[in-house]
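I've put the structures underneath this note.
Next come two complexes built around chain A: one with chain B, the other with chain C.
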Partner chain A sequence: MNFLKRTIPLIIAFVMGVLMALQYYVPHKLSQDLLEVVTRWDRIIAGFAVFIGAYSLFHLHWTRIKRKVEGWGYSAFVFFGAIITLIFGLLNGGKFFWNDKQDGTMFDWLYYYIQVPAGATIFSILAFFIASAAYRTFRARTNESTVLLIAAIIVMLGRVPIGNYISQYIPAVADWIMAVPNLAAKRGILLGVSLGAIATSLKIIFGIERSYLGGGEQ
Partner chain B sequence: MLLILIMTSVFGKLFFTAGIIFIVFFHPSVIFAQSPPFLIPPADFKAFDTPNDAGEAISLTWSVSPSDHPDIFYVIYTDKDKNGSFEKEAIRIKSNTGYRTSVPEIYGYKKENGDYHHVQIFPRKIFQGETLGKKQVYYFKLVMVAEDTKITLDTIASASARGNWLHTKKINNFAIMIILSAIILYFIVHARKNPNMFLRKIGGLDAVDDALGRATEMGKPVLFVHGLTGMGSISTIAATSILGRIARKIADYDANLKVVNNDPIVMSVSQEVVKESYLEAGRPDAYNPDNVFLVASEQFPYVAAVGGIMTRERPAANFFVGYFYAEALILAETGASTGAIQIAGTDAYTQLPFFITTCDYTLIGEELYAASAYLSREPMLMGTLRAQDVGKGILIIILIFGTLLASFGLKFITHLFEAF
Partner chain C sequence: MRKNSNFFILIGTIGLFVCINIFLMASGKLPFSSDGFGIILGAGLTLAIYSFLYKDNPAFKIAENLYVGVSLGYTIIITWFNFLKPDLYDPLIVPIFSKTATRDPRYALLIPSLLGIFMLLRFSKKLSWLSRWTFAFVVGLGAGVSIPRVISAFILEQIKPSLNPVFSGGETMLSSINTLLIMLGVISVLIYFIFSVEHKGAIGKVSKIGIWFLMISFGASFGYTVMGRLSLLIGRIQFLLRDWLGILQ
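Coming up: the complex of A and B.
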């Protein structure tokens, strides 16, 4: 059992890890074909995984309804939404699901007039959260936050026309802040991230890091 | 015209003849007409297999001509036979475009690159549907075309497209990978011999125990929020490793862990990881698979669902670990409003400011990858942390050296590390 649960996954991780790392340096068609096949496998696995995800979702909400836990009405709404979407998806505008997907059906309507606006509504909340987060950040209680506050004011003013009206130097200073200190910090983070990613990849390829398989060092 | 007629009637035939000559030779359409362009043909027309490709492209190059002008075109015709009719047009470009300077991966950064044109041809697309051999040679003719004039170069260039087994321009990248890998492997081996390695403190990870202890005391759940990327992303793999360590501690503390996912594969892996952690802690009975669940597979439904869980169940501690996009601030602000201890870890640098603002502790960039080793204190894993620091040291030295050289106008080090 340990062989199936540990050894084989570790061998697969090692072989595929080395193979895909080398693939990056081989431009030959065979190498490109290998990448395509692996990517296709990934998509196929993801397709099957959707059923696991759907089972998890429905099982969770069904349990919530059964046990009448607080807010179980929301779980009922999950089933309502899923059933309605499924029915209209299968109906496919009267042509049924075994035909090509039809345009302008009720299924599309549900997507364009319910899901998209609902997503946009959640996204729009971000504007208010940015304001509240900015308020907390810009309270100049320490030297660092004072520097941050000043830099933020300059960058914000430099990005709008009024900044130029106040002084022609504000947009130039704003650009300098973005292009020099900001970019330097960003690249510093990226270099660290790249090193960390290489280290993590090696740990996985050589089987040193096994926690992603479940469990630790045994 | 009227003036000429009047003058003719007055001065007679002589003036009439002079008038006609004037109209014919000095009419505005004659005076302002452009003379037909005088085309000077380019030279050095060559074809060669495009290096470092899968064997689909042929590169063509020729020198610029003094006649190059936006209204003048270069047209390349191709054929499979040297004596063929060259009827297939492979490419047509304006004569003031397509220079070698745009493809440094082939020609490097030589000054004379601006004096040569370059185009890339994909012959298999041009001869689609025709039988082509593996070593098929293609022939090319270069024609310079103006409005009414065209000249064809006598030179016929030929080449065949071959696949390459090594991307020579990525050798720099390969060398860096080998050096860094060697450093990492050295420190892993070194760590086995010397397990008491000094590690700098990472505040966010030291706070994990406090956060879990608080959740245990309050009898409230701990919420672990995955980022939006799937198992193919290295940050998600790092996140599942951290999840394993946190789950192990939670199993020890007998607290309640909830893991929300937006990807079914990540969910399956997370279930396995949490289950194994509970097994390791000797508390398999405490593991509840329903606590590791999928809430939504789309970005904003995921945000709405996780936000709902935060406000309804009010977890004592929230962990945001993985790669996040616009949802980062919405999630973290919602969590902050519930009064939970919040620890975030991400390598998405665009979202870092939001997490720093709204979370109590943030693992910045590489700290996300260090977390698993830091929490487990396994010597071999800790060796990689030391290696990362040494790698950073080397990079800093190279950066300082490169900055000095660039300040003196020497840019070869920039090209040495260039990625293609």
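Coming up: the complex of A and C.
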């Protein structure tokens, strides 16, 4: 049983890892077809994974309702929103879900008038929280934090007309910050992250990194 | 007493919102159609979410939970139409059950279907170990695909422009300085991230330069993010003033 529970997953990860790493260096149609097939398989599996996320969210809110924890009534709106969207999505404007997606249906209406405005508003509200957090934390206590503060202010002013009114050099300096020191630091971070990603990938392929197998017995 | 006043503020706000919408529809500023009601709903959600800036309240919580529910439903439906239907249902299920199908079923798709079902067995106490096969497939595939592509796109392609010649003829003094600064920045940031060597002496000095580059980059990213959020805020205010109230043209 240990063979099925531990050894087979390690073999699968090793075979898939080596196969796909080598695939990149084989410029043959078969190799390209293999990439296309496994990418499609990956998409299908990701499709199933969505149901795990949905179950998890429903389970969380159902438990809140069942246990009547404080504010449990709001969880009903999660079910209400999800069920309404699912019903109209599956109805697909009267053509039902087994046909191609139709345009201009109630499902699209829910997207345009609930998801888009609510999503944009929630993200825009972060502008206030960022400003408030910046006010509390952006104190020029050290030289490094002063540099961070000055860079942030120049970039912010450089992106709005008032920056140009204050000085015509501010937009140019903002562009220079983005194109030179910011680029250099981002490139350094990216190189470090890439080397880390390669090391982690190799550890996964050779079975050294096994955390994806999860806990549980054996 | 305070709870009562909050309740009256909420009811009053909702009442005012209803009155405004009745006026807008009666005056013809909003069409009496699904689009008109959609704009009202969008405006209501926008105001409900912004009400959190005053304090946490039932209107915000309802809008927030409704948004989560609709997003979940939307994700499931889009996953079906964009992934499961074209990649699994059409090439495998339709040819098996439809007599008019013009192509043979692709039985190879049973493998990812099985792996997908194995993943759902995560919730079974006895068979949850089968989900490891799926995770091993996905993780192994991701690891294998990423190694050569990361080397190519994120290492070689990033090193190449970092090592541009400072003077090759034809460039301005400023561009040469910029090239030098980029090289200095990349090297110093990389040295800062080497934790296996104590940051003392020359290494310490170079890593200090790396910290300065990082601070400028974090500041720039912060400024950029703030401006991005502000443009979303402007977009929402435009929606309220133009699409809903019709004040802006």
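Criterion: the second predicted complex is superposed on the first by the 168 of 218 C-alpha atoms of A that agree within 3 Å, B and C clash if a C-alpha of one lies under 4 Å from a C-alpha of the other, contacts with A are read in each partner's own complex, and residues count from 1 in each chain.
Methods note: a contact is a pair of C-beta atoms (placed from the backbone, for glycine too) under 8 Å apart; a residue touches a chain by one contact, two chains touch by 3 or more.
The structure presented is a predicted model; accordingly, all values stated were derived computationally and were not measured.
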{"item": "First, second, both or neither for A:Leu213, with chain B first and chain C second", "value": "both"}
{"item": "Chain B versus chain C as contact partner of A:Arg139, first or second or both or neither", "value": "neither"}
{"item": "Winner by number of chain A residues touched, once chain B and chain C are compared", "value": "C"}
{"item": "Which superposed partner A:Lys66 touches (first chain B, second chain C, both, neither)", "value": "neither"}
{"item": "Which of chain B and chain C A:Arg43 touches, first, second, both or neither", "value": "second"}
{"item": "Which superposed partner A:Tyr25 touches (first chain B, second chain C, both, neither)", "value": "both"}
{"item": "Touching partner for A:Ala151 - first (chain B), second (chain C), both, neither", "value": "second"}
{"item": "Which superposed partner A:Ile189 touches (first chain B, second chain C, both, neither)", "value": "both"}
{"item": "Partner chain(s) touched by A:Pro9 [first = chain B, second = chain C, both, neither]", "value": "second"}
{"item": "Chain B versus chain C as contact partner of A:Ala82, first or second or both or neither", "value": "second"}
{"item": "Chain B and chain C contact sites that coincide on chain A, given as residue numbers", "value": "21, 24-25, 42, 45-46, 49-54, 57, 71, 74, 115, 118-120, 122-123, 125-126, 130, 134, 186, 189-193, 195, 197-198, 200-202, 204, 212-214, 216"}
{"item": "Sites on chain B touched by chain A in the complex", "value": "52-56, 163-167, 170, 173-174, 177, 180-181, 184-185, 188, 230, 232, 234, 237-238, 240-241, 244-245, 248, 263-265, 267-269, 272-273, 275-277, 279-280, 290, 293-301, 303-304, 308, 312, 326, 329-330, 333, 347, 349, 352, 354, 357-358, 364-370, 372, 376, 378, 380-381, 384-385, 387-388, 391-392, 395"}
{"item": "Residues of chain A touching chain C in the complex", "value": "4-6, 8-10, 12-21, 23-25, 35, 37-38, 40-55, 57, 71, 74-86, 89-90, 97-98, 100-101, 107, 109-128, 130-131, 134, 144-145, 147-156, 159-160, 174, 176-195, 197-198, 200-202, 204-205, 212-214, 216"}
{"item": "Complex interface listing, chain A residues touching chain B", "value": "21, 24-32, 42, 45-46, 49-54, 56-57, 59-60, 63, 70-71, 74, 115, 118-120, 122-123, 125-126, 129-130, 132-134, 136-137, 186, 189-193, 195-204, 206, 208-209, 211-218"}
{"item": "Parts of chain C lying in touch with chain A, wherever the complex brings them together", "value": "34, 37-39, 41-43, 45-46, 49-50, 52-53, 58, 61-77, 79-81, 83-85, 87-89, 108-109, 111-113, 115-117, 119-120, 122-123, 128-129, 131-151, 154-155, 158-159, 162, 178, 181-190, 192-193, 210-227, 229-230, 232-233, 235-236, 239"}
